[in-house]
Amino acid sequence: MKRLLLALAIALPMYAGDGAAILAKVDAARNPLNSFSVDVALTSTSGSETESSRFRVYGKGSDRSVVEFVAPATEKGKFLLMLRDAMWIYMPATSRPIRISPLQRLMGQASNGDVARTNFAVDYNATAVATEDDQWVLDLAAKDPSIAYARIRLWVDKKSSEPTRADFYVVSGKLIKRAHYAQHAQRVEIEDLLRTGNRTVMQFTNLAAHDNPEKMFTKDSLGKW
Amino acid sequence: MIIKLALRNILRNGRRSAITLTVIVFGAVGLILFGGYKARTFYGLRESTIHGRIGHMQVFKEGYARSQSAKPLDRGLDDVTSIRKEIERDRRVKMTAAQITLMGLVSNGDKSETFIATAVEPAKDHAMNSQRITSGTDLTDSESDAVMVGKGLAESMHVKPGDYLTIMTTTTSGSLNAMDVRVAGIFMTGVKEFDERAVKMPIAGAQLLLQTKKVEKLLVFLNNTDDTAAVHSAIATRMRGIEIKEWSQLAPFYHQVVALYNGIFGFLGIVVFAIVVFSVANTILMSVFERTREIGTLMAMGTTRGRLRAMFVAEGVGIGVIGGILGLAIGALLAMLINRGHVMLPPPPGYTVGYRLEIMMQPPVLITAFLVSFITATISSILPALKASRMKIVDALGHI
Amino acid sequence: MTSNHVIALTGVNKTYPLGRLKVRALTDINLSIGRGDFIALAGPSGSGKTTLLNLIGCIDKPDDGRIIVDDVDVTRIPLHRLASLRRDTLGFIFQTFNLIPVLTAYENIEYPLLLQNLPRRERDARVRRWLREVDIEAQAKQRPDQLSGGQRQRVAIARAMVTEPKLVLADEPTANLDSDTAAHILDLLAEINSRTNTTFVFSTHDPSLIARAERVVRIKDGRIAGQQTADSRQQEVA
């Protein structure tokens, strides 16, 4: 009886409201800065083949970023603009940027980009909070039907409030991707569960505050500044 | 009198007239056979395109064509049930079929490919008979997560009926969705590039995947293709909020084939025309030369130049009429024989199966063949007739 | 102004090109021919008699001079505009008969009447009359290639006469006939001339035809060498 009461006492306050608090801490742990720049080293493995690339990401707030392709040489000079519900790519050979349709975002690194920049606190509600060893396990539901992943199950380290693992589910309930976070969320490994043997590792370095003007995040200025 | 003279002069040199007639008959027969083959090809392609793929017309929500939304079914048809009930009230309508086209990724666990799916109502799709099922079974209304896969796609995904695939796309609101589907059957359309990407799925499954109750369009099938325009305007006046496209606006390949064949046969027609003109003109010119003294005599007796021209043109007309009628009869006979003969032709470009050679005989083709023979022969006789009328009487009389 | 003359030629010249040369076919021809005359134009071949006949027949044009046919000055009128004059006023008989091969005797004779647009009954009456006159009723339905030379020429005569012309021109009408047949043809022509008062002009070098002519006009080297009437010739012989 006492145990039950104790469990309830601990569990009840953990519901919803606390879920939001945890999420806020998770996002803060991943990226505390509002206007920032960060270097990304990406390694993509497909079966036995491996490809590496490097980017520089400029972000503002939770929903705007510009990705500059740095390496390999074939990709250098390209830019990607990621807004809340649109994505644009600019290639040096063309005169204007091309919009990437939601369908095209299913493929390649654009989909991983979606995963990496998921803003838990802004886009999701915590519908349940549970405990597993020394981690919170949160069930997240997308606030808006336009959000890429309808549901996420998130594992958070209780002490550091850093995420350790996230399972991404689509509307039908199917599990599509799994992310493993390490090194204080500086390393993210994403598994493609539809294609065995496909994984991507993103390493974030040199995260620093950077003054990014608002007009940088428009498609017309993409690649021009 | 001119007719009597013309006919008797045609018969005068039987062999030469026979050769000329043969040339005209060849021309007429050629036009009938090629024209009939062309007509049959157009008809066959039209009907197979309509019945197998696009329907006689397609009904969309108003504004569909102009919409530039990146979200699928942003301009989709809602309230399909009442729309189709209204359309099916017209007795000329045979059936309606709802469809959605969508694209996405399909994965077998090891790799993924892009696919283009046509989501259909299984019973209606079955009636359309648009693909050849090479293994497995058709879709059924009861299983919303079974799909049919094009032969090329099945091969690249290494699947056979009974295996499972995962299809992934974005929903109408923009989020991702994925569904495990069972491969019910494998099909071939005959177009290789299409079969490498094609999926057919039940519309209920597509609506679940896209998270919507809408459909993209309603295909309307009629009992008779000739009713298309009439039914179009009937529907357009009765119903609001929709836009309609007729099959002709949705079949660019058909129009390309029509243009190509018309171009080829037009060119052949000109060649045939030129040959007939020269042949007939030559024959009548020879006749004019041989009758030089006769022409001189006629003019001496008071025959006017105009009347003389009319005499020779009448011969041209006579040969044209006889040749036209003969050509018509022989052409029709040959067409019937060919149709009975069940000759098989090789597959056209992009297709994998051959088809039967058939000559379609329609009044316009037959009338054209006759008219062309007739007009050609008449035109051919004009220059020789002019030459005859310009002869100098004294020289003509002195001619051997 | 009517005159007794059916034909009047004054100062007529005619040349025609022969390769690069110009040949003088007729020089300074003055000739008048009256109604009912039975005239022979006589001369060796190349003398120009055929050319003269052609000019009278309005199937050729003179270079200078004047030609009046049936009170019509035809000198400057283009030949193709003279078609109706030829049709109504003239008749032609040729050395080579020149019948239309695909028509029967009846139809050959009928042809000029069709050009005149005569009604059927009238045409039939006239054709039958002339079939009788030239005595080939039995051959009415036959085509020229089934007829003898004499029979063909009879058809030609009937054809020339069926329009009741004022003038009949005949170029060597007996040249392709044997002497017996020729004689019969001449009798026929003379008989028609006296009965119908139709003017006949022949070009010929057949002596028996020349002998039968009322008037002979001698042509030599393109000029009129002399004219003789029948009486004066008879006197010569005597």
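Order of writing sets the labels: A, B and C. Residues in every chain begin at 1.
The criterion applied here is as follows: a contact is a pair of C-beta atoms (placed from the backbone, for glycine too) under 8 Å apart; a residue touches a chain by one contact, two chains touch by 3 or more.
Computed from a predicted model, the values in this text were never measured in an experiment.
*Asks:* What is the set of chains touching both subunit A and subunit B?
*Replies:* Output, common partners of subunit A and subunit B: nil, no chain qualifies.
*Asks:* Among the chains, which one keeps its Cα centre farthest from the Cα centre of subunit C?
*Replies:* Using the mean of the C-alpha atoms as each chain's centre, the farthest one from subunit C is A.
*Asks:* Using CA atom means as chain centres, which chain is nearest the centre of all the protein shown?
*Replies:* B
*Asks:* Report, in whole Å, the distance between the mean C-alpha point of subunit A and the mean C-alpha point of subunit B.
*Replies:* Measuring from centre to centre gives 54 Å for this pair.
*Asks:* For subunit A versus subunit C, what separation do you get between their C-alpha means, in angstrom?
*Replies:* Each chain reduced to its C-alpha mean, subunit A and subunit C end up 119 Å apart.
*Asks:* If you average the Cα atoms of subunit B and of subunit C to get two centres, how far apart are those centres in Å?
*Replies:* The computed centroid separation for subunit B versus subunit C comes out at 69 Å.
*Asks:* So in the complex, the part of subunit B that touches subunit C is made up of which residues?
*Replies:* 1, 5, 8-9, 11-12, 293-294, 296-305, 307, 393-394, 397
*Asks:* Applying the document's contact rule, which stretches of subunit B touch subunit A when the two form their complex?
*Replies:* 70-71, 103-105, 107, 109-112, 114, 166, 168-171, 173-180, 208-209, 211
*Asks:* Please give the residue numbers of subunit C that touch subunit B in the complex, ascending.
*Replies:* So the residues of subunit C touching subunit B come out as 54, 57, 59-60, 79-80, 83-88, 90, 92, 94, 96, 98, 100-103, 111-112, 114-115, 159.
*Asks:* Would you mind writing out the residues of subunit A in touch with subunit B in their complex?
*Replies:* 85-86, 99, 101-103, 105-107, 142, 144-150, 170-172, 174, 176, 194-197
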